[in-house]
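Note that chain A is present in both complexes that follow, paired respectively with chain B and with chain C.
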Partner chain A sequence: MKKRNSVQFLRSPLVEDLTASLGRTILGIVMGLITGGILIALSGVNPLVAYGALLRGAFGSSDGISNVLVRASPLLLGGIGVALGIKSGVWNIGMEGYMYLGAIGAAIVGVMPLNLPAAIHILLCFVFASAFAAVWGLIPGYLKAYKGVNEVTATIMMSYIAIYLTNWVVSSLPLVAEEGVFYPMSKKFESSALLPILMKGSSLHPGPFIGIILCLVFYFILNYTSFGFRTKMLGSNPHAARYAGADSKKQIMLIIMIGAIIGGLSGAVEVMGLKRRVYMEFVTGVGYESVAVALLAGGNPIGVILAALFFAALKAGGATMSIETGVSSSMNSIIIALCMIFVIGVGVADGRRVRKADTEKSQDEDVGAKEGN
Partner chain B sequence: MEENRFALQMRDITVEFPGVLANDHVTIDCKKGEVLGLLGENGAGKTTLMNVLYGLYQPTSGKILLDGVERQIKSPSDAIQNGIGMVHQHFKLVDTLSVIENVILGMPSKDQRLNIEPAKKRFLQLCEEYELYVDPDELVWRLPVGKQQWVEILKALYRDCNVLVLDEPTAVLTPSESDQLCCAIRHIIEKNRSVVFISHKLREVMEITDRVTVIRDGKYIGTIDTKDATQIKLAEMMVGRPVTIERKDRPVFTDKKPVLVMENVSANDDRGIPALKDLSLTVHAGEIVGVAGVDGNGQRELAECIAGLRKMTAGEISIQGKPVTGVIADPSFLGFIPEDRQKTGLVMDFSIADNLIIKEHHDEPYANKGVLNYKTIKSHAREMIKKYHVKTPSEDVKVQHLSGGNQQKVVIARELDAKPVLDIAAHPTRGLDLGAVANVHDILLAERNRGAAVLFISAELQEVMALSDRIIVLFSGEIMGELEGETADQTIIGQMMLGQPLEVQQ
Partner chain C sequence: MKKRFIAVAAMALVVVLTFTGCGSNSNNSGGAADDSGSNSEYENSVAMVLSGLITDEAFNQFTYEGMMRAAEELGIKTAYKESVTQDEQVEIIRQFAKQGYSTIIGQGGQFGEALSIVAEEFPDTQFIFSVGTETYDLPNMSAATVSYSHSGFVGGILAALTTKTNKVAMVTGEFYDNHRMMEAGFYAGVSYVNPEIETTAITTGDWADTVKAREACLALIAQGYDVLFPCLDAAGAGVAAAAQDSEDVWVVGSVADYAAEYGAEDVTVGSVVFAWEALGYLESTGELCDGQSHVVGMAGGGIDPVVNMTLTSDQQAIYDAAIKDLSDGKIDIAD
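Right, the complex of A and B next:
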């Protein structure tokens, strides 16, 4: 009886998904780390020593681990937002813009002395962050779904607008912008609007855990709900989705908006948990790194958790590595990029192999299916 | 030295793919100046065998002799150098180049400059010789499919092939183009070249070939002289049992309620060109209306308009009195077997179970308040797999791993099991083997006898005549006329398919 249960567990979609994509991903990452090691060796440092320092920096102390988690927070949230888009066949990559809008939304209510209990003040910030980001996402969502505008261009352009909008807000919007400071920033958030610190003496806020929970929630939504079914159907075969009566346009708009809302929350968590103010350009590149996270995860929400933690560990440990061994600090970006390239490369090569085996098997059938055209 | 009589011999070719024996010791011999038919059902291994010849696959064992000499063919360029020409089912032409550019593409040349004039001259000469006329300066995408095939054939001849392989060449041709092809093939063999003609259509094979080799399930069944063969004999060799499409007896309904009513419907195709012109049609409960016609004369648009997938530019459609305004995705009302099951009818990387509910993924009992109930979905799938005899180890298998016939069974199970009032079956037997075709026919007839209105679209005249109570013929988006299925005459329908309205003929 027990044995049967374990077999069933192995056959569950969760495990199957993971084993299928995990093998490729791990192979890619190992190849990336090896190539990175060669580069480190070329710069005159023993790669084993360097990677040792990296591991120690990331996982060697509770400080290190909390640092990894804090860095993972925006990647988890951004990653799941992008991954959702990937599953539905939409490149919703304006995460950076959504983060800025979320931060503005949170700041508008967060800096006000409203004398609210913390739970309600925090919730209010989140609601504003979501609403601001949702409106921001509505624009590319509507344009993509109903006007056929390319979402890659639209979301990236919207990100630029968001960056400059934030610059304006934190430098000159009354009541929000701090006055008489050398660098544009918002007023400090009210203490009732700040997220609690979970570990004394660190900056560990609940963000990473919110991110992990959201990834699990979206794993469930994608695999076990009608909404998720529709999303995947749209991503796999839009013709069939239309034929099956799904309102593809509405679905595309919804997916982009949901991604935007998660992005907005990500920005809000970042300012309410870590920065405590909105600064000009307080995120640089994190939105784009979350695209990489989603790609590394192949759009799988569980994969997003692993990929985000992996990226964060490389970033956090990379700092220690460069301090301790003198490897250039840009090396960790190089390693991340190498891992990405190899993971994608292995995916392409393996996909081709699988496809070849498939076509060979069904060659005659395929040909048969087309005959008579 | 005695001259070798065989242009091509393939001896004991075995091709093994993981888990599948695609060719199992298949042997073919093609004499010089003869047309050898290669006959077999879809999936029997004909195309695999020819891909071995063309260097696309390496055989696990067996050898290839050209002109009596054993040759290793490792790639298509080896094959071309050895005088093998191949016309694939899916043409390998560059659409945006002109005909002559396609013909000389990839030919080795000492000159660095492109010198098209002599090539054109030689090409026109070939056109003349084989009576296949194509304008060398026309861009390929502007040519109808039939002409594109001429280009492929001329391309092979231009390279001076000794053995020309034609893979299901008539699938894309109109009847008159098929005649032209026959004529060209005769010219080719007059020049002592050989042709391997792949088909699963008996009539053509009887007409064109000198000898026929039959393969079934990857195995060599036998080779006979065409003059000694009959269609029935070949069919038996192909499927291992006698098969004919016969009109089956059916109950007659007296009370005929109209179900599908189309009034003066016009619609455009994807390019915005009118594809349906002022078309009116009524289909009653308990009858099969067959839509005959050369494919591409508005059949696709007709089906899509009824299912609400295509906007009409004029007219009205109603099903059981309800006007069609948007996409109908309710299989208990309209069952729609779309013409392209892989592109429209199925999500190829979804499982069988998921594909069976794509239209009902938000409805009870498969979903409850938006949460999918996989227990019900899977047990429903197991039931359908059993009822419709889908060959699969489990309901979790992705449909892309099923054969064409089994994929179609999944579509049929989804579309017809809920007993719709109207069935639209667009080319439901396309690409299926004879056994599967008979199965689909039985299902559609059962639907009619149950009392459903059935609109049956097919380009195969024989099955339209065998199955339909009434037959309409579409030509260029218009109905050329209507005939009783029982008494319809093939030649009259043939004339209508080419654009002669019934009244004119009578």
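Right, the complex of A and C next:
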């Protein structure tokens, strides 16, 4: 009890968030990696060799690091979008759909030979991507806020619609779909609409840095603005928020739409920086992984940066691990899933411990209060 | 309590979705297979990137087996990476190029752009865009595919020889360019036998939905079509089922051997099998690395017709003549 009080003065949000959640998360990840190592050993590969290849693939060269950053880009942007929802108690998990809509929006202006300066063309693509995704987010947002429709169902279903919409756009929308190809794809983005490559001979585009900056921006918004306070209040106690006079319906809709806009940007960055065209099913689950990133981060924007980089490192390093050591096909997903399960498990166990301590503490206080009387 | 339940349920859901989502993003590969015979380790070495699993009993497995046959015969070093997702295409291809593989094959139409990006960076490495025709005007990039129009033509011949009602139909998932070519070939094949036969082609909108395919085919059958020519993935089983549930309706398969793979020997009169193994083999031998677009048709062994019905001697004569004309390039259809 005394110890808990002494921590009180450290309650600057940054220090608190980092120390409290980071410890649990790292413990979970280490347990996940150990279990994954056992499975790798069972499959007949020395886990140390495999993890060595994984580390080398992710961090061993400037290429590796650029691969990690490129893969982190959609996870960072998607992750912060979902994290914002988690903070306000809304499960806005339709990132996959927002990414497709953002990509469609970007493609509609991006493939047009508008003869604009690059900066303006790119900006125009981002504006269209945001607008398309915002409209897409408005639907589940409105349904959740004003009609009480479960947002988990609504956002996931919207994602499926988005997938098929994208298939239609890239195979038959005039002016956008490429003609005469064996595999449906959009026309190539104009060179003025492509994001610059920051490192020659790699795919490193500005996406990951945009993502990191957005995470930092939302960290400050959440902790130092009234908007952020309303959001967190809504998340921790919606009834109290309503009682305190916050317009919780508007807030919910806003949060879902902001998440959608960031998701849309994420999709736009992916096609303008990496793919150069929109393909059907080009997201392949990254939207759902970004939900996992946000969960791993516990909804904390700084945590999203770390979690996204961790996921990206596992994915990029995992590819090298497979190519070099022949570790079996599903091992990478298994390791990621194990880490997640352990992080969540450790979180639950630790949460129970903290709650127990709290109950004891309040009982102490009750006793103290009675004695005082 | 309720809130916690929802949170836990949502997490469980996310874990499930992440799994299904990244089911395809997992990585496998076998590293080096063969490295004997060459002076330099990477001379004539081949690396293949595939979008699916090399154990899928279909396209991915067969093209991979083709590469392995070439590796065995020629003693070249090979490597592969299966289940390559869209976001990692460039990264994986670049990694193979950096390692020094002399030929890199992108197995599937979705790899075109990624191959061209890396091909520009590595002018001394050969790239093959498989099941595509685009070479992006790069001297070190070639394209190869089996001939969809040839397969349509052979399917048309078999369908026309089978029909009693003089109405035959092609069934596909969606019309991409190659399926348009297949459709044109199909019509050419049918009218080669009998110009009076009525033809149509429909799409079901889904390559794997067997129920949709079956319903669509039953509708065709109700209109009097008695030979179905499917070009589908797993949904092909639905076409076979529709024929099995109707009287006197027959199937001419394509891509896979319908009699063997869909258990439809009772209704299958023949199949135009795509020789993916032969394509993978050809690509791995280096013969196709010339910066051109190759369409491997009847003559090159890109398609492999299987006839299950017993042809009368007249029919056999027509069939043989058609195949010969096709191989000799006398049939006026696009490759």
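Going forward, the second predicted complex is superposed on the first by the 350 of 373 C-alpha atoms of A that agree within 3 Å, B and C clash if a C-alpha of one lies under 4 Å from a C-alpha of the other, contacts with A are read in each partner's own complex, and residues count from 1 in each chain.
By definition in this document, a residue touches a chain if its C-beta (ideal position, glycine included) is under 8 Å from a C-beta of that chain, and two chains touch if they have at least 3 such contacts.
Nothing here was measured: the structure is a model prediction, and the numbers come from that model.
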Margin query: Looking at A:Asn300, would you say it contacts chain B, chain C, both, or neither? Reply first, second, both or neither.
Written below: neither
Next item on the list: For A:Thr25, select first, second, both or neither according to whether it touches chain B, chain C, the two together, or no partner.
Entry: neither
Note to self: For the three-chain arrangement built by superposition, which of chain B and chain C touches the greater number of chain A residues?
What the structure shows: C
Next item on the list: Quick one: classify A:Thr166 as touching chain B (first), chain C (second), both or neither.
Entry: neither
Next item on the list: Could you look at A:Val70 and tell me whether it touches chain B, chain C, both or neither (first, second, both, neither)?
Entry: second
Check: So, A:Phe282: does it touch chain B (first), chain C (second), both, or neither?
Finding: second
Next item on the list: Pick one for A:Asn237: touches chain B only (first), chain C only (second), both, or neither.
Entry: first
Item checked: On chain A, positions contacted by chain B and by chain C -> none
Item checked: Complex interface listing, chain A residues touching chain B -> 224-230, 232-233, 236-237, 239-246, 357-358, 360-373
Check: Which residues, counting only chain A, touch chain C once they are in their complex?
Finding: 63, 67, 70-71, 74, 89, 91, 93, 96, 152, 156, 171, 179-185, 188, 201-203, 270, 274-277, 279, 281-289, 291-292, 295, 315-316, 318-334, 336-337, 340-341, 344
Checklist line | Interfacial residue positions of chain C with respect to chain A in the complex | finding: 3, 6, 10-11, 13-15, 17-31, 53, 79, 81-83, 85-88, 90-92, 94-96, 98, 108-110, 112-113, 117, 121, 131-134, 145, 174, 176-178
Next item on the list: State the interface residues of chain B toward chain A in the complex, per the touch definition above.
Entry: 17-20, 22, 42-48, 51, 57, 89-90, 145, 167-168, 171-172, 200, 295, 307, 309, 327-330, 336, 338, 341-350, 354, 358-359, 361-362, 367, 370-372, 374, 400-401, 403-404, 407, 427, 430-433, 459-460
